[in-house]
Amino acid sequence: MKKLINAPEAVLEDALAGIAAAHPTLRVDAENKVIARADATRPGKVALVSGGGSGHEPLHGGFVGLGMLDAACPGEVFTSPVPGQMLAAAQAVDGGAGVLFIVKNYTGDVLNFQMAAELAAEEGITVATVLIDDDVAVQDSTWTAGRRGTGATVFVEKIAGALAEQGADLAEVAEMGRRVNDNSRSFAVALTACTTPASGKPGFDLPDDEMEIGVGIHGEPGRSREQLRPAKEIVATALDAILADQPLNTGDETIVMVNGLGGTPLLELYVVFNEVAAVLADKDIVIARNLVGSYVTSLDMAGVSLTVCKADADILSLWDAPVNTPALRWGT
Amino acid sequence: MKKLINAPEAVLEDALAGIAAAHPTLRVDAENKVIARADATRPGKVALVSGGGSGHEPLHGGFVGLGMLDAACPGEVFTSPVPGQMLAAAQAVDGGAGVLFIVKNYTGDVLNFQMAAELAAEEGITVATVLIDDDVAVQDSTWTAGRRGTGATVFVEKIAGALAEQGADLAEVAEMGRRVNDNSRSFAVALTACTTPASGKPGFDLPDDEMEIGVGIHGEPGRSREQLRPAKEIVATALDAILADQPLNTGDETIVMVNGLGGTPLLELYVVFNEVAAVLADKDIVIARNLVGSYVTSLDMAGVSLTVCKADADILSLWDAPVNTPALRWGT
Amino acid sequence: MDIDLARTWVQAIAAAVDKHKDHLTQLDSAIGDADHGVNMHRGFSAATTALTDYTPPTVGAVLVKTGTTLISSVGGASGPLYGSAFRAIGKALDTPTADTQQFAAALAAGLASVQQLGAAAPGDKTMIDAYAPALAAFQQQANSGSDFATAARAAADAAEDGMRATIPLQARKGRASYLGARSIGHQDPGATSTALIFRALAETVTAR
Amino acid sequence: MDIDLARTWVQAIAAAVDKHKDHLTQLDSAIGDADHGVNMHRGFSAATTALTDYTPPTVGAVLVKTGTTLISSVGGASGPLYGSAFRAIGKALDTPTADTQQFAAALAAGLASVQQLGAAAPGDKTMIDAYAPALAAFQQQANSGSDFATAARAAADAAEDGMRATIPLQARKGRASYLGARSIGHQDPGATSTALIFRALAETVTAR
């Protein structure tokens, strides 16, 4: 295992200290493992809290700041944080208007946030929850754990965060978060496995001419293994899955994210975006806004995820609203 | 070789098309391979042009925009662009106040930009050149090619770009660029080799418990190979080399970049930044501003470079000036 | 089962988890996210620490404390699930000692709590597939008048059988469910840690 | 040397570069940035294309066009260096044909141009280490009255000797210089392509 770390057990603590040192706009509670905005929540503003296992940076800590999250709770690598962290985060940022938990749909995240919501209620904090489940690679049914939450998290955090900044109440912010999630679909492909610091070995062996189709962001294998193909064909596969699940019409406006999984050079992400733009242009689907970069990663995994969010004028105007976080910044 | 591309020969063309599709603030000349600001250069503003081989994204195209570069010329992967590209860029963005070429010190870049400067002069465009040579891993002497240009490029482009935006003349902007370069030192360490699309194989074999010390950003091996060590010790080695070359005093203010080489997760970069902050704090050297992320990459190489720039009040205020590029944005 | 034994059980789990940490993580690497060993290790290390300076009034208090500590230190799916299980088991044992029948009832409360929280059914390829047969075996021995150690050994055997029986299953809950049919052929990490927990119980009470 | 031969020489270089592309890139991978083969291939493909519809008035015009095309298509260090060399060689051959002495003088102008631009000296582990001995051998044969083909073969042999002699050298110019002592033991890619260029010349004029 080759990592720039001191010890597998110390990764989270060291990285949190680094985040604290790097970003004066953030306030890091090392004891409770909470990354919060340095400025107090404006009284009456709904506070947004998200979190999940570490290893997906900049998600979530990199999205804490004006117009996006008020706090993030990073767990150990690929491990949901514990309820105490989430409670501490909620207490740190509640501005009296309630707290929105933005939770990616994984059993661990769901259960821990659920317990945290109960604890918060006991402390008199009103909590609403938005569950993110955008990954169309996963079969969805009442018998399964449901779809994973992946790229759409960025869209939900940005857009719900902007609405909260504008003074909307908790129900409105939660409703908008759910709307964005409902409008979003993702699909990911991996060229290599990632290696967690604790395990020290790649999660799976992948021959030099193969790729995993339909992977998540936790190093698990995907739905199937296939021959490595040109970017154009990989994009076609991913977009087919996305559009089959949520057909879009001519003229529909979208926000598209081409997201690197951690070990993929930006050069390749632009190659991928070019193919995405070509396919959507062909169908007269408009990419009104886009993100090309590594926003929701899976440690050092090489690969890409695509997220397409159907966007109306409200969503676009909230997208364009000012944001000032380590990983997304405009208008400030 | 595992890459999200269509064909090795098509990488640059496809990526340029992707950049054009992703960024409405940029104007991409696919024929001449020039990435320029979409808005015309303000008459009387000095125009900044940089360029170099591709594979270092977001450098340079990701730094084109308000307050930074006016145009970038991307060459083939790890290959300096040709003089014709640079001339086309200079012609596209000259606002009558002259053009500053920002050139990383590699024989190819230097010779091609030199030829371009001659061509531009023939076209009546005044050109000044700033050479970036910040990499202390390379022995510097009149008998060698001199030090490589690496991380300091970002600092020079940002700070000279801000000064140009404020209306300074070509000599002043060039002078500031040289000052920032003179004040900056870098050192890099690689955990893995990178693979160019054309060669299809990693540039060197590195056993699982070793690292290359003092690498550049073109996949070449470093000055020596050593046992992999904890982040703390790697940082000590790098900072020792940097501070030995440019001693800093108690109270000195700096801009520090912890830069991922392409395949390194952000989580690890924060671990590294934490160590850098600790060492400098110990010496009472102030990190007044910082960048933690992947800004000057070497395709998919895992590793990190540190850049330390001694910064006075002028430099800091230019650093803080508004910038609006795909990869760096604040104040707008 | 008494207070001391309960504490020794938790320590024995911690020791077993420490020993099998890498194995649990490797199982989780195949069909999950490679953290189950580390998660369990973090949790049971914290639990033994929490118990060190604690003077529990009842058997149950030991286990409630253990559960609470797991919830506050593990994270992931296994933290709330095991945490609730231990809390439920503990809440059902509000006495300084517990006999085999009482313990069977407590284990049942623990399973109910896991199922209520995680909504998994037997056959979904989760810890339930080790827990449910272990509980059934323990209950059966209790009903037929066996002593605690015999019941615990039967439970451990059944848990291990159940653990092995997860191999051919296709996961319907937890991360492994994302793999669809590709989860078949791998042993569930949570079922494996459940088997460790029951084996630790059997060994603890047998050693006494 | 005449116009046709000059054109055939450039085509022969292109063919040789095509054949040895991967080898050049692998050499550059060891002590550089793994692009020399691709660079040379891009450049000489462009040069042959540029010559296709071109009716050159002189031997030199063929080579000036080749050099200009290299400069505008190669990039990297080798683009300007080889480009200037061919332009300088061409500028010295302002006639429809050139004899051995004239060609020797032109080759000397080419080397001077590389040295002026790149400031490398013999022994720095660059293309110069193949070019300089090739020129010396060609000049010597020319001085002793050998025919063009004999001179060209002597130059090719000397270039290949020079190329091999770069192996033990420590680089002082170009990317390989960054490696310090670690550049020792590797053959210089640019010296290797220079040897290809002189071998192509020898074969072209011998075939005539």
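The chains carry the letters A, B, C and D, assigned in the order they are written, with residues numbered from 1 in each.
Heads up, the rule we're going with is that contacts are C-beta pairs under 8 Å (C-beta built on N, C-alpha and C of every residue); 3 or more make two chains touch, one makes a residue touch a chain.
Just so it is clear, the structure is predicted and the values come from calculations on it, not from any experiment.
> By label order, what chains touch chain A and chain C together?
Correct list: empty, since no chain touches both.
> Which chain has its C-alpha centre farthest away from the C-alpha centre of chain B?
C
> Most contacts: which chain pair?
After counting contacts between each pair of chains, the winner is A-B.
> Averaging only over C-alpha atoms, locate the centres of chain B and chain C and give their separation in whole Å.
So the centre of chain B lies 54 Å away from the centre of chain C.
> As a quick test, compute the distance in whole Å between the mean CA positions of chain A and chain B.
Centre separation, chain A to chain B: 29 Å.
> How many angstrom lie between the CA centroids of chain B and chain D, rounded to a whole number?
32
> Give the residues of chain A that touch two or more other chains, as numbers and ranges in rising order.
In chain A, the residues touching two or more other chains are 77.
> For chain C, what residues touch not just one other chain but two or more?
none
> In graph terms, with chains as vertices and touches as edges, which category applies: line, ring, star, complete, or other?
Graph shape, chains as nodes and touching pairs as edges: a line.
> Which of the chains touch, listed as pairs?
All chain pairs meeting the touch criterion are A-B, A-C, B-D.
> Provide the residue numbers of chain C that touch chain A in the complex, in ascending order.
Per the stated touch rule, the residues are 25-26, 29-35, 37-39, 42, 71-81, 117-118, 172-180, 182.
> Across the complex, what residues on chain B touch chain D?
Touching chain D: residues 53, 75-84, 106-108, 111-112, 114-115, 137-139, 143-145, 148, 196, 198-199, 201, 203-204, 216, 218-224 of chain B.
> Considering the complex alone, what residue numbers of chain B touch chain A?
Interface residues on chain B, with respect to chain A: 1-7, 11, 14-19, 21-22, 54-55, 57-58, 62, 77, 191-192, 208, 211, 228, 230-232, 234, 262-275, 277, 287, 290, 292, 294, 297, 299-300, 302-304, 329-332.
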